[in-house]
Amino acid sequence: MTVRVGVIGTGIMGADHVRTLTTSVAGVRVSAISDLDEQRAQAVAVEVPGARVLSDPLALVHDAGVDAVLVASADSTHEELVLACLEAGKPVLCEKPLAPTSDGALRIVETEVRGGRRLVSVGFMRRYDPGYVDVKAGLRDKVIGAPLMLHCVHRNGFSAPGTATSGLITGSAVHEFDVVRWLLEEEITRVTVHRPRSSSLVVGGTSDPLFVLVETTSGLLADVEVFVNAQYGYEVRCELVGEYGTLLLDEPEQVRRRSSRSRSSRVSLDWRDRFAEAYRRELQDWVSGVAAAEQRGASAWDGYAATVAATAGVAALESAGPVPVDLEKRPDLYESR
Amino acid sequence: MTVRVGVIGTGIMGADHVRTLTTSVAGVRVSAISDLDEQRAQAVAVEVPGARVLSDPLALVHDAGVDAVLVASADSTHEELVLACLEAGKPVLCEKPLAPTSDGALRIVETEVRGGRRLVSVGFMRRYDPGYVDVKAGLRDKVIGAPLMLHCVHRNGFSAPGTATSGLITGSAVHEFDVVRWLLEEEITRVTVHRPRSSSLVVGGTSDPLFVLVETTSGLLADVEVFVNAQYGYEVRCELVGEYGTLLLDEPEQVRRRSSRSRSSRVSLDWRDRFAEAYRRELQDWVSGVAAAEQRGASAWDGYAATVAATAGVAALESAGPVPVDLEKRPDLYESR
Amino acid sequence: MTVRVGVIGTGIMGADHVRTLTTSVAGVRVSAISDLDEQRAQAVAVEVPGARVLSDPLALVHDAGVDAVLVASADSTHEELVLACLEAGKPVLCEKPLAPTSDGALRIVETEVRGGRRLVSVGFMRRYDPGYVDVKAGLRDKVIGAPLMLHCVHRNGFSAPGTATSGLITGSAVHEFDVVRWLLEEEITRVTVHRPRSSSLVVGGTSDPLFVLVETTSGLLADVEVFVNAQYGYEVRCELVGEYGTLLLDEPEQVRRRSSRSRSSRVSLDWRDRFAEAYRRELQDWVSGVAAAEQRGASAWDGYAATVAATAGVAALESAGPVPVDLEKRPDLYESR
Amino acid sequence: MTVRVGVIGTGIMGADHVRTLTTSVAGVRVSAISDLDEQRAQAVAVEVPGARVLSDPLALVHDAGVDAVLVASADSTHEELVLACLEAGKPVLCEKPLAPTSDGALRIVETEVRGGRRLVSVGFMRRYDPGYVDVKAGLRDKVIGAPLMLHCVHRNGFSAPGTATSGLITGSAVHEFDVVRWLLEEEITRVTVHRPRSSSLVVGGTSDPLFVLVETTSGLLADVEVFVNAQYGYEVRCELVGEYGTLLLDEPEQVRRRSSRSRSSRVSLDWRDRFAEAYRRELQDWVSGVAAAEQRGASAWDGYAATVAATAGVAALESAGPVPVDLEKRPDLYESR
């Protein structure tokens, strides 16, 4: 009854997921942990009663004491590990990206389709954020009519040192690519990238901010400001514009302080702070789905489509105009969402 | 390692708690359920793998398969059941009120003190609401200086038919009494109740709204509007006024809709909607505390003090001026919070 | 056609009014200025083409080049000057209070009634604030049903040195007394004053903040926090609670800044900053009324009623319970508002 | 001392301006009114003491009783009337556009330069909106660092029947073109127009909404959603993104209503409602400037630059990529703003 999860990767996100699974999710325990850095894995495991540390992540995948696998290791390892899970017939939740390249993601899709059963979930946690869920509910309830435009803002306080410009697309804008697909239930057809004046506080030649335009099958236009050195904090917002109204998702704000001639509320520090509840719900839903033998959350197809859009976005960085997003035909396995 | 919880009472709150414990709380399973209405208990238990239904709540308390007890039955049963838990040496989370009368609450305190170990927690869930937690953190961080006043609003859309005026004090204002004590870490000394013009939509002679003034040891004045037939929805707000700033807790609001000449956001339907996350955190903390052999959340002393304040509030309904709140001396057992 | 206004008193408010009349109000010019400090009057007059300085305020009232008088001199002079205007048959806009004592205000009322024509307006500028006007319109349009309670907050950053506790009533709460009367179109029947814990930043024994309760003819209860050393800035708010909804007047806020982990908007510096537009509209309406031979804004009766309520409030400072507000019978002259 | 203004055009805006000048602006009177529809002019004049109706607008310009002219007639008449004012040496406030074509606007600039004195103001009223003024002040005060992007939203409830797609650029986006130039004090270099999916509620083949990208000399990128059939109301917003913070101008909102499970505030009906105070300040500043013999507000150069940008925008409607904005060299006469 209790789902035994093996976690691969104990960096910031992986360690957070172990903690959340152990302290805030029902019906699960973390039974095995693996990391390239075995000491780091040990340090995490010590807080988890009954968790073993395995040095070989593939051994973890195949371990009899592991019912399902959470992949939070380096992006370059995702494809191999997810394929191993498919081979082992085990449900897997893979942090985004499903794979760094479209080809790699497609191989996962094809392998899963051959297996005939959806086992792969991708960690697009915004689908679980109460705010995004409300926006989607509002759209479904026809309160704004047919959607026409989506304006998005995605800001981080500071990027990791050495972040390439392409990282703004593959690491940040990719969340909006998934939001566009999930919210509108259509595919992305083209991506254009503009480079506004860059912040002088950004070193090493990175273009930051970027302004990304995304078009969908029905002709909806989404625009995304990506600014990963915005200094003041982390902020994600969007406004969905419909034929007779709009839905605006803002930062949650419950407590406002009056002091020093100002009324103010706190801006999030980073995505973990902002999306803590979304991560918890994502993990709970995944675990409950594993127990119910159902794949939940973003599918392998969603992971593949996001990677293809991100790849087009990276190409668009060097292109004057729009770059098309060409997807394979969607297999029947992914018909229902 | 997994805490086995027995739940007594499967009305709206009890059934909700069973669901939350089963689907959203780590380290716990509901192993036994009891209700006066055995069919209702069965209907709830059917959703919980491994849960037995016991017809006798006292048998549930003493059952070997129950590590801790959650009491969500009728108010009049609380005292007896909590005393039974103390006798059985089992941790108990009792929905408020701890007991309907000050004497009853005091008997629980005295029994627990004799036992020498804190086992009783009271379901004042606002202590777990992220907004209230932020207000308390702001106060501690000295961002507004010493507190001077607290303005509170507590509105329900509709009261249960037949609600007596005293129910506004014992069922609603009592939450603010606990908030005042928890936030300020002082005791309440006096309560005054005013009866503003009553809503014509309220039938049966109930005075609604009420306006309640609460004074504390340090002379802080809190005022509470209690309005349980506010029609438009459920809303809880407060503003803590300090020497050089204030902290204002408003309804959470993340998505705003533009439509029909209006920008709007949704008001909560009721307290379960508004405080769903607070309940989840309360239950998680209680379960984690049980596993760690620590009492967490509001203590029996807190439950007693709230009942004494509520009793004074009810007396104040019939009094022109303030009614004193006289507490026994606080036992050492409740020194640390 | 152009109304020629004489201004008595060129302190902060008087000088502001001269500037507003000269630069932002249609159909008027300031033709005469008087102040005890003649140099101060000269300094103001120099900016106003065609304005003469008169040393005797009573001469100004009777000057042939003055069609209407604005009284912004010391409170103690109001009664004499307003009575002189009545004697001269000239419209007068008197800054609040109409008179410091109820008796003085009543003498003005009686004199005006004897004259048979409303000439006196009192400077309760909130009646012209777009926010308060919206609240009143919402009440009239029945969007919240019958009013039951009114919660008010009135904060200043700092009080003038040496402000007595009674000054919180007569200088600040008096605005809310007028708001209650104007908004609800009923009279105040009782006033109670509570002294919460005082700010340690207030010197000289002043009780600050105060908490004032006001009851009206229909049984509506209004509560007012008056805090004149709130440090962080100037803020006026209210929430009118009706049978099926509320109207909440907050500080206007149009531009929000994101910076340093915070979203913030500016709090007003003082009442002139906050109510600049209300003052402009008040003056424009008064001038237009003078041109149309109509008294507009708060009447002498309103000024009298506010003074009586303030007097009761001052008495309530030393009383444990409520102090009644006893008004004379309202003369027919003040029937229509 | 009183400026005598002649108003040409008594359509909605012209009639509003007459009313504002007469009832809310200091130091002015409307002395002459002209309209193609003489009856309409009469109906407006009847409310203005001392105003004559002239059938010939050019006669009005040259009338000895007219010190300054306000042009609010059809766009096609602007050039001729403004040139007549320059010939007569009279200050003129011309509603936007200064002229429908770049050539026409340039002729005005050249004529004014030859005259050696700035007499022309253009009615870009947003420069007087308190919100925009605050944004500009924040930028100047360095609270957000160097500006990098500007996100704009410009929505009307409904467009006039038969509005062509180009009208979204020349009638609506042109305000944002002026805002970009005024706020950033740089020129626009390129304009791109995207056509998102169109609202099905728009008839006659108009593309609505549009999404317009504007680039400036320094490389700043501004984006503008123009949506003139947004149904729900009128709304203008912007967010200026700087190197370490942002400034977000939202709709003013002072009163919030709670009712029917919703907290809501009113959306403006149209631009006159939203910008009423901006218009008043614009007119007051223009009148005060006329009295002081200074040109204030947007200059003829600003009117010309906006028309050139709008012309590029219209061309961009039919172009796949950006269209350059080529301005003449700015004459010295327009050095200071």
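Odds and ends about this structure:
A, B, C and D label the chains in the order they appear, each numbered from 1.
Simple rule for what comes next: a residue touches a chain if its C-beta (ideal position, glycine included) is under 8 Å from a C-beta of that chain, and two chains touch if they have at least 3 such contacts.
Since we're looking at a predicted model, the values are computed, not measured.
In summary, the interface at C-D recurs among the listed pairs A-D, B-D or A-B; the equivalent pair, sharing over half of its contacts by residue number, is A-B. Two chain pairs, A-C and A-B, are compared here, and A-B has more C-beta pairs in contact (counted per touch definition above). Centre-to-centre, using mean CA coordinates, subunit A is 57 Å away from subunit C.
With centres defined as mean CA coordinates, subunit C is found 44 Å away from subunit B.
Taking each chain's centre as the average of its CA atoms, subunit A and subunit B sit 37 Å apart. For subunit A, the set of residues that touch two or more other chains comprises 232, 244-246, 251, 253, 258-260. Of all residues in subunit A, those touching subunit C in their complex are 232-233, 235, 251, 253, 258-267, 269. By the touch criterion given at the top, residues 145-146, 148-149, 151, 153, 194, 196-201, 209, 211, 213, 218-221, 223, 225, 227, 230-232, 239, 241, 243-246, 320-321 of subunit A touch subunit D in their complex.
On the subunit B side of its complex with subunit A, the touching residues are 1-2, 21-28, 49-50, 130-131, 134-135, 138, 143-144, 244-260, 277, 284, 288.
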